[in-house]
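We call the chains A, B, C and D, going by the order they appear; numbering starts again at 1 in every chain.
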Amino acid sequence: MAFPGLLNYWLIIGLMMIGFYIVIAHGNLIKKIVGLNVFQVSVFLLYITMGKVEGGTAPILAEGITAYSNPLPHVLILTAIVVGVATTSLGLALVVRIRNAYGSIEEDELDVQDDRP
Amino acid sequence: MGMIAIAIARIHNLFAVVMLTGIFSLLGAAAYVIMDAVDVAFTEAAVGAGISTVLMLGTLALTTSEEKPSPKKNVVGALIVVTITGAVLIYGTLDMPHYGDPLAPVHQHVADRYIGQSGTEVGLPNVVTSVLASYRGYDTLGETYVIFIAAIGVLAILGRVRFPRRREEDIAEDDAQKTPDETARETGA
Amino acid sequence: MKQKIILRVISKFLIPYILLFALYVQWHGDFGPGGGFQAGVIFAAGFILYAIIFGVDTVRVVIPAVVTRLLLVFGVLLYSGVGVAGIILGGNYLDYNVLAHEPTHGQHYGILLVELGVGITVASAMITIFCTFAGRGPEDPEEEV
Amino acid sequence: MIAQHMPIIQIILPLMAAPVCLIIRHPHVVWIWAVAISLLCLPISVSLLMQVMDTGTIVYELGGWAAPWGIEYRIDTLNAFVLVIVSAIGAVVMPYARRSVEKEIPVSRIYIFYSMMLLCQTGLMGIAITGDAFNLFVFLEISSLSSYVLISFGTDRRALTAAYRYLIMGTIGATFYIIGVGFMYSATGSLNIHDLSTLIPEMAGSRTVQAALAFLTVGLGLKVALFPLHMWLPNAYTYAPSAVTVFLAATATKVAVYALIRVTYTIFGTVDFLDIVPARDLLMGMALIAMFVGSAVAIYQVNIKRMLAYSSVAQIGYMILGLSFDTVNGVAAGIIHLFNHAMMKGGLFMVLGAVMYRIGSVHLHDMAGLGKKMPLTMAAFVGGGLSLIGVPLTVGFVSKWYLIQAALEKGWWPVAALIVVSSLMAVIYVWRVVEVIYMKPAGQAAENATEAPMSLLIPTWVLIGAAVYFGIDATTTVDVAVAAAEALLGGAR
C-alpha cells in the first residue's frame, strides 16, 4: 500500500491552489465565481479521499460485504455542495445586478467608476 | 482535472470557461465514484454539472461572455499567497494517514458506529441517508435553510419589477391598479 | 426556440420520464444512492428543460410563482415541523424514535418526511432561481436610486 | 418540559418564523411578527445564561443521538453570554428597523428583508450555541448568505459590489474553515468540539493539527475582519441599509470573535506548541496594527458610517489583543469588550440611521449644525463617542481598564501605553464629528432637519443608556466574563 500514499492529497492541493489563484488573481466577476467553484470542488475531494477505505465499497449495507468506506465525509460534503450552489447562485445574481448598474463586470473598471461617482 | 483547471484559469472566453467548469464537475463526480461516494457523485453531477452550469450560462446571457485580459498587477501577490497557502496545506498532509488506510483515525472513532449500528438503530441500508437524515439531521436542516435563503435571496436581488423608492401612498395606489398578471410577476418570475 | 421541432418533440417525450425518475430517486434514497436533495434537483431539471424550450412564461402557467413560493415555505416548515413533533411526543428535537411505537419505524417515517421536505424545498428553490434569472431581460433598466 | 428544550427553542423559533414571513408578506404585519419573535428570543437567552451560571454547562442532544455521533448543543457561560448579546441586539434592532426600512427598501421587498434578518440572527445564534465544528460551518453560512442579501438591499449601487466582495471573501473564509475542520477530522476522526478538545492535545505534535489551526484562524480571521483581512468590512457597513449596518456591526464580527475564542482556547487551549509557534504573538501584532491603522484611517473619512466602520476594525483589534494575552484577565477583557462594543457601536450606527432618515446623508459636511436640530439624537452620538474613546463612567472605559490591567499584569507596559495612545486617536475622530455637529452652522442638508421619530430614538437611547449603565455598574458583565474566561482557560493558567 505504498501507492498512492500521500500523493492523492498533493494532487488535490494542486487543484485547490489553481482555484484559489483564479479567485484572487482574476478581475472578472464571473471568473472569480468559477474559481471559487473549482476551489470548493477540490476541498470536497480532499474530504472524500479521507473517507476511502482500501478494498471498501460504497456505504450501502448489503450482505457479504464487510468493508465500507466512511460515510461521514460523504454526508458533510453533500451539505457543503448544497451550500456551494447556494453561494454560487447568489453570487451570480449579484453579478447580473452589478452589470446592470455599472455596465461592466471587470473589477478594475468598477473601481474606476466608484472613484468618480 | 488539472489540465482543465489550468485551462479555466487561462481561457478568456467565459462561455468556454463555463463549459469547462461543467466538465470539471463531472470529472469530480467520477472521482467521487472511484472513492465510493456514490451519493456525493450523484449530487455533484446534478448540481455542479447541471444547475450551476445552467445558471452560469444564464448569467452570461445577461452580461457578457468575454473576459478582458486583466492588468498584470496582482499576479505576483496572488502567486505568493497561493504558494504560502499550498505550502501550509502540504505541510499539514505530511502527518496524515495514507490513502485508503483502514486504520486512519477517521475510520476508528465515530464511523464505526454508523456502519455497525445504523442497520439496527435506524434500519436503512443506505448509511449515508441514515447519517444525513438522522444522526446529523440537524446539519441537513441547516442545509435546507441555506437553499431557502438562496432562493429568496435571488428573488430579492433579481426579482423582475424593481421600482424606485416612492412614498407609500403611491405604492398603495399602484397595487390597486395592478392587474393580477403584474402582481404575479412582481412576486416571483 | 419556438421553431426547433425536434427539440420540442423530444423534450416533451423526455420530461415525464425525468419527473418519474425524480420521484424514484426521492423514494428510493433509503436503499440506493439518492434522496431528497438529488430528487429535488432532478425534478427541477425537468421544469428547467421545459422552460428553456418553451419559455419561462409557459412554465409559470404550469407552476405559478405563488405555488413555488408556498412550496418553498412548506418544505422547510415540514422539515422543522418533524423536529417539533419529536419534542411534542416527548423526545428531543429531530428525534424520530418517538414518532411511532417502534424506534426503527419512527426513524423510517421521520427520514421519509424529512427527505420529502428537502425534496420539495430544493425543487421549488431551483425552479425559482432559474425562472428569476431567465425571466430577466439582458438590459433591464436598473432601478433609479 | 419547556425548560429542558430551551436551547433548541432559542434557535428554531426565529428559524421557523423566517419562512412564515413569506406567507404574511404585508410590510407592517411582517414587521410586527419579526419584532414579536426577536422579543421572545431575549428572555430565552437570558434564562439560559442564568441557568448556566447556576447549574453549569447545559448539553442538548439533537435527534436524541449522543455526541460525538450526533450533533449536540453545549452551552457554557461564554456561549450563553454571546447568545444574550445577539438576541438583545436583535430585540433592539427589529423595532428600530421599521421606519428606516420603509425609507430605504422597496415596499415589495420588505417581507424578504425581515425574513433575512431573522435568518441572519438565527445563523449567528446557531454559531454561538452549537457544540459541533461542522454544524458551526452550516450556521456560519446561514448567517453569511443572509447578510450578503441584506447588504445588497442598500440603495447605493456600491452596495452591490460591497455585497459581492463580501461574498467572495466570506466564502474563502468559510472554505478555509472547512479545510481546517477537515484536517482536524483527519487527525482525530471527530467533529465534536468537546471531543476535539480532549483529542487534540494528545496529538499536539502532529503537523496536520498545526496546519488545521492555521486554516481555522485565517478562515475565522476573515469573518472577524481582523487586520489585514478586513477589506470587505468598510464598504459592506457603509452601503448596507442602516438597520442592517447596526445589526451586523453589533453582532456579526462579535460572533466570529467568539468562534475564534472557541477554536483557540477550547479546542487548542492546552496545546503546548502554541508557545513554540508564535501564533499568539502574531495575533497580538496584528491586533496592535489593526488598532492603529483602523483608527488612523478613520480619522480621514468624511462618510461617518465609513469612519465608524474603520473604527470597528480598530476595536476588533482590542478584542483580539485581549485574547492574545492568554491570561484570565486578558481573555475576560476581550469578552467584556465584545459586549461593550456591541452596545456602543450599535448605538452609534443607530444614530447614523436616524440622521440618514432625516437628511438622507451621513457625510460630515451635511451633518453640520445637527446638534441644534436633532439634540437628542446627537447627544446619543456624543454618549457613544465618549464610550468609544473610553472616558470613565462609560463601558469603553471598563474594557480598556481591564485590558490595560491585563497588559500590566504580564509586565507588558509598552502594550498598555499603546492602548492609551490609540484611544487618543479615537478622541480625534470623534471630536471631528462633534465639532462639526455642534460648532458649525447648519448647512443646506440639515436646514429643515427635525428630531428623529421616537421609534428610532428610543432603541438608540436604549443601547446608549445600556452603554452608560454598564459603564457605571460593570459588576454583572465582569463577573460573567471572568467566569467565562476561567472556564476557557480551565483554571490551569
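In the analysis below, contacts are C-beta pairs under 8 Å (C-beta built on N, C-alpha and C of every residue); 3 or more make two chains touch, one makes a residue touch a chain.
Here the structure is a predicted model, which means the values were calculated and not measured.
For the pairs B-C and A-C, the larger set of C-beta contacts lies at B-C.
Averaged Cα coordinates give subunit B a centre that lies 17 Å from the centre of subunit C. Between the CA-based centres of subunit A and subunit C the separation comes to 24 Å, rounded to the whole angstrom.
Taking each chain's centre as the mean of its C-alpha atoms, subunit A lies 7 Å from subunit B.
Chain centres here are Cα means. That of subunit A falls 28 Å from that of subunit D. Chain contacts: subunit C has residues 31-33, 37, 69, 72, 76, 80, 83, 93-94, 96, 122, 129, 132-133, 136, 140, 142-143, 145 touching two or more partner chains. Residue numbers of subunit B whose C-beta contacts span two or more other chains: 38-39, 43, 47, 51, 55, 58-59, 62-63, 89, 93-94, 96, 104, 106-107, 110-111, 114, 125-126, 128, 130, 132, 134, 136-140, 142-143, 145-150, 152-155, 157-159, 162-163, 165, 187. Counting partner chains per residue, subunit A has residues 20, 33, 50, 58, 60, 72-73, 76, 78-79, 82-83, 86-87, 89-90, 92-97, 101 touching two or more of them. Viewed as a contact network, the protein chains are fully connected, with every chain touching every other. Those residues of subunit A lying in contact with subunit B across their complex are 1, 4-11, 13-22, 24-28, 30-31, 33-35, 37-38, 41, 44-45, 48-62, 67-79, 81-90, 92-97, 99, 105-109. In the complex of the two chains, the subunit D residues touching subunit A come out as 134, 137-138, 141, 145, 148-149, 152, 157-158, 160-161, 163-164, 167-168, 171-172, 174-175, 178-179, 182, 185-186, 191. Interface residues of subunit A, counted against subunit C in their complex, comprise 58, 60, 78, 82, 89, 92-93, 96-97, 100-101. Residues 15, 18-19, 22, 62-63, 65, 68-71, 102-104, 106-109, 112-113, 115-116, 119, 126, 134-135, 138-139, 141-142, 145-146, 148-149, 152-153, 155, 179, 183, 185-191, 206-212, 214-215 of subunit D touch subunit B in their complex.
Subunit B makes touch with subunit A in their complex at residues 1-2, 5-6, 8-9, 14, 17-18, 21, 24-25, 28, 31-32, 35-40, 43-44, 47-48, 51-52, 55-56, 58-60, 62-64, 67-68, 70-71, 74-75, 78-79, 81-83, 85-86, 89-90, 93-94, 96, 98-102, 104, 106-107, 110-111, 114-115, 118-119, 125-128, 130-132, 136, 139-140, 142-143, 146-147, 149-150, 153-154, 157-158.
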